[in-house]
Amino acid sequence: MKKKLLAVTLALAMAFGMAACGGDPGKTGSGSADQGSAGNDAGGEDGADAGDMGEDADASASGTEASQPAAGDGEILIGCLQDITGSTSALGISVQTGAQDAVDEINASGGVNGKTLVMKTYDTKGDVTEAVNAYITAVTVDNVSIIVGPPVANIANAIKETSEDYDVPVMGLAMDPACQLKEDGTAYKNMFCFQPNANTQGDIMASFAVKNGLKTFGVLYNQENSYSVSLLNPFLDTLKDQGITVDESLIVAYGAADTDYKTLLQPIVSAGVDAIYCPNYTQQLVAICTAASELGFKGKIINGLDAAPPFNTTFGGDCSNIYYINNIDVNDEKTSEMVAKIEDKVSAVNKYFLGYDIVMVAKACIEKAGLEDADALRDTIANVKDFEGLTGKITMDPASHMPAGMGMFMYTYDNQTPVMLEEYAGN
Amino acid sequence: MSALVSNILTQVFITLIAVAGVYVLTGLTGMFSLGQAAFMAIGAYASGLLVVRLHMNFALAVVLSVLMAVAVGYLIGYPVVRLRRDYISLVTLGFGEAIGALLNRMTFLTGGASGLTGVPRRVGLPLACVSAVVAILLVAFFKTSKYGRQCIALRGDELAAKAMGINVIRVKMTAFLLSVALTAYSGALYVFYMSYVDPTGFGWKKSADWVIMVFFGGVNSLTGSTLGAFILSALPQMLRGLQNYRYVVYAVLVLLILNFKPSGLLGEWELTPGNLKKSIGRLTGGGRRKEER
Amino acid sequence: MSLQIILNGIATGSVYALIATGFALIFNVLKFSNFSHGATMTACAFISYFLVADKGLGLFPTLLAAGAAGAVVALFGEFVGFRRILKNHSSATYFFVSSITLGTLYEGLVTIRVGSNFFNFPSFFNNPTIGIGSLVISTTDVMMFVISVAVLLVLAFVIQNTRLGRALRAVSFDRDTAQLMGINSTRMIQSAFVISGVLAGIAGVFLGIKYTLYPSLGSLVVKGFIASVIGGLGSLPGAIAGAFLLGILETILLSLLGSGYSTIATFAIMLLFLLVRPQGIAGSNVQEKA
């Protein structure tokens, strides 16, 4: 019996020991802030398409009443809805860190309208059900004023319907336009995206490739990942406009169950293409690039945001044949200064800046519109104009809730060092 | 009731229906399915698609989707009920993976990795709650029926059950299809509650989670399994404050139960009027020590 | 069918073989599918990464560290997850549930430590490929194949020709009788876990090299599960044969049908195989005890 007790005690000790080492990326600030003024009293648009969820809407209203005069009057609470665990946790934690640093910076220089910003993180675990739970916790229990959203399309897709029942803007990064737009083409009132959408990014990468003399292409994409899928057609469409058709047999899909990238790449490499378009997450990208080099592929590999550092260090080898798109300009003085400061603590640097910019935009909008009137706040966010962010000049398109004409940068590597090649304006 | 509580409860009730199905399969019949969640996906996608693409009536779509899942279940069940334990796990595992791959591949129909959007929201807490109660009552009825007793008999000793004249294959198939129907129904409720479904999250880990819930509460007790599902599906939400430690805590808790109370929280105890009276009697009068099955 | 694809399949199969053997070993003695094996692989790969590979110490120290870590983790698992269940004489299904929970625990712990970053083993070779005529073979694949075969040969020798191996076989055949014959069955079960842990550690490093390191790396354990079941439950040679068969089959189907449909085809073939030959490749003597 004693032995068994010892065993269990050991298990517990190990569990909590390791847990303690991990540090707690989540709770920041007091978290007790009950900033009820987020504007649950907007009225008007309520019941848009709520169906049987009337209950939830009611509940949120009563929740607001209860917490209206509560403590934390000098604070504004913002929620950060991210994958802190799960397969995309590296991205989520990077956005979170960026957002938190922006919060700290704002507080250090006097806060927003004299109030302190407090950020609380909600883990979505990369799971859509968890995401809805997290969202509802944030808007009804903690009454956050604004949510910094995830860089993952499926999560945004999952919460977009639920978000209609509330009045808390989700300032996210889901680049699939379907996350912001309903079937009828109007925007979900609370859903916003703060980076160029998939159409723009695919288009930029294709234009860049053609401009640089690449003529034949193969594609390897993850059909089980919405991000990867959403970048596929915009790229192919732009190529088609330029008179290049990619052979059907060279557009190869893969899924989580597939363990052999070499077999998948084989036909593409044998066809002797100039470049492989590879819109995938960093971790698969590393495996794919390794497989390509093992197959003796000598052409270029064109990637999305995920080939930005730390891809180079993770891959470990010579990355000179990699082209990738990025949100940030490392030649910009302020950006490079910040990159140097955070490189060690953040894995996905570009996601850090996206998180940082969102909080800065949120601050500007709250200062302008206040928190009393949800519609006014949403309008302000939808009409952000010429905001000088670190990821570029942000001007929102009020109809689509996505940035209009926001540019991106194309990069390559000189061995391991990122080299900025060209800035592209969005369309 | 706050929106959060109502949201969590709705999800818990939807899970309860699936776990009731797993109880029939694992608790009563002793079969292990690692592809049970795939039937949830079938129920969710089939009913969602019928409504979104064919604009079918909600109730009719749910019924049809359950029937479709049962039909698929019959095809898979044919080999499954003839195989022994680990092969059942393997076949159902492969089946689950295949369904996941199919949902991802058939982009024109299912939306692929981006998921199926635009499903109207038709399910709220009341419907989920009533459904769960009905599902559990149905399973309770099944357990006490002739079939249920035959299931328990063949779980204990298949050969002996056969010798007693029990049609093992038919009983197993009945149990399998009942569990498939319940799981598919829970999937249909899921999609009409979430109004969105994507192909992730229906893998073998989800099926395994349900099995864990059954064992946590008591593999021999429907009441226990229900309680286990209730606790374990609500627990991660209660533990939200612990951030990424919560699954560690969850795992440690389940290990503790498995080690120190292997029959689960409730053992074989069932919530029946008789048992309840006995328990109350025991509490007040220190009555009998052990209750019967 | 090009020879190249078969070679790719063999390379994949050799990693599957390590996983499947570790899996089959535990099945052999305790008669259950140990699903914590996957998370054990992940944990070992990360432990060896942080302790050794990250410091640039090369491949063999990394493998040694991973193997040692695997032994420790598996022993820990046996202690907290299975010992007491064994003592209670609970049914094998409890092992199964317990192993999945252990897997969740390990994965949770790994996530806490590494969730915020990307990890990859440094490349251990200067030349990524060896060219033989028109065939291109990756150095890593050759290394994995050679090491897998070497490890499996050592294992076969231990099982067949040593006291430990004989005792293990006796325990897997009939635990109670073996106990009566003076074999310490608890010790033997521990040994089985240690060996399977070492295999898990090595397999984890291989998976890490092939697919980079991430917390859910171990989900590839299902491949080992499939291989060991079609091989004939509990049979080590069967598991190895099943693993190579699965690796080659998957690669061929992948090149013929593309992703997605190949998964479905694999499932269909597996189902057919089980209906035709339900005892698995090896036709092992493991029987369900009533």
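Letters A, B and C mark the chains as written, and numbering starts fresh at 1 in each.
One rule holds for everything that comes next: contacts are C-beta pairs under 8 Å (C-beta built on N, C-alpha and C of every residue); 3 or more make two chains touch, one makes a residue touch a chain.
This structure is a prediction, so every number in the text was calculated from the model and none was measured.
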Next item on the list: Specify the contact topology among the chains shown, as one of line, ring, star, complete or other.
Entry: complete
Checklist line | Pair joined by more contacting C-beta pairs (B-C or A-B) | finding: A-B
Check: Hey, how far is the Cα centre of subunit A from the one of subunit C, in Å?
Finding: 35
Checklist line | Rounded Å distance, subunit B centre to subunit C centre (Cα mean) | finding: 30
Notebook entry, point to check: How far is the middle of subunit A from the middle of subunit B, if each middle is the mean of its Cα atoms, in Å?
Noted result: 34
Next item on the list: Hunt down the residues of subunit B that sit against at least two other chains at once, touch-wise.
Entry: 97, 100-101, 104-105, 244-245, 247-248, 251-252, 255, 259-260
Next item on the list: Send over the residues of subunit C in touch with two or more other chains.
Entry: 80, 84, 105, 108-109, 111-112, 115, 219, 259-260, 263
Item checked: Where subunit A touches two or more other chains at once, by residue number -> 4, 7-8, 11, 15, 18-19, 22, 25, 84-85, 223, 253, 255, 257
Check: How about subunit A: which of its residues touch subunit C in the complex?
Finding: 4, 7-8, 10-11, 14-15, 18-19, 21-22, 25, 84-85, 87, 89-90, 93-94, 223, 252-260, 262-264, 266-267, 282-284, 286-287, 290, 293-296, 310-311, 314-317, 347
Check: So in the complex, which bits of subunit B are touching subunit C?
Finding: 26, 30, 32, 79, 83-87, 89-91, 93-95, 97-98, 100-102, 104-105, 157-160, 204-205, 208, 211-212, 215, 219, 244-245, 247-248, 250-252, 254-255, 258-260, 262
Check: Okay, in this complex, where on subunit B does subunit A touch?
Finding: 1-4, 6-8, 11, 97, 100-101, 104-105, 107, 112-115, 117-118, 120-125, 127, 194-201, 236-237, 240-241, 243-245, 247-249, 251-252, 255-256, 259-260
Notebook entry, point to check: If you look only at subunit C, which of its residues touch subunit B in the complex?
Noted result: 27, 33, 35, 80-81, 84-85, 88, 90, 92-94, 96-98, 100-102, 104-105, 107-109, 111-112, 115, 219, 222, 225-226, 229-230, 233, 259-261, 263-264, 266-268, 270-271, 274-275, 278, 288, 290
Note to self: Touching residues of subunit C toward subunit A in the complex: what are they?
What the structure shows: 2, 4-5, 8-9, 12, 76, 79-80, 83-84, 105, 108-109, 111-113, 115-120, 122-123, 128-129, 131, 136, 138, 140-141, 210-212, 214-216, 219-220, 223, 250-251, 254-255, 258-260, 262-263
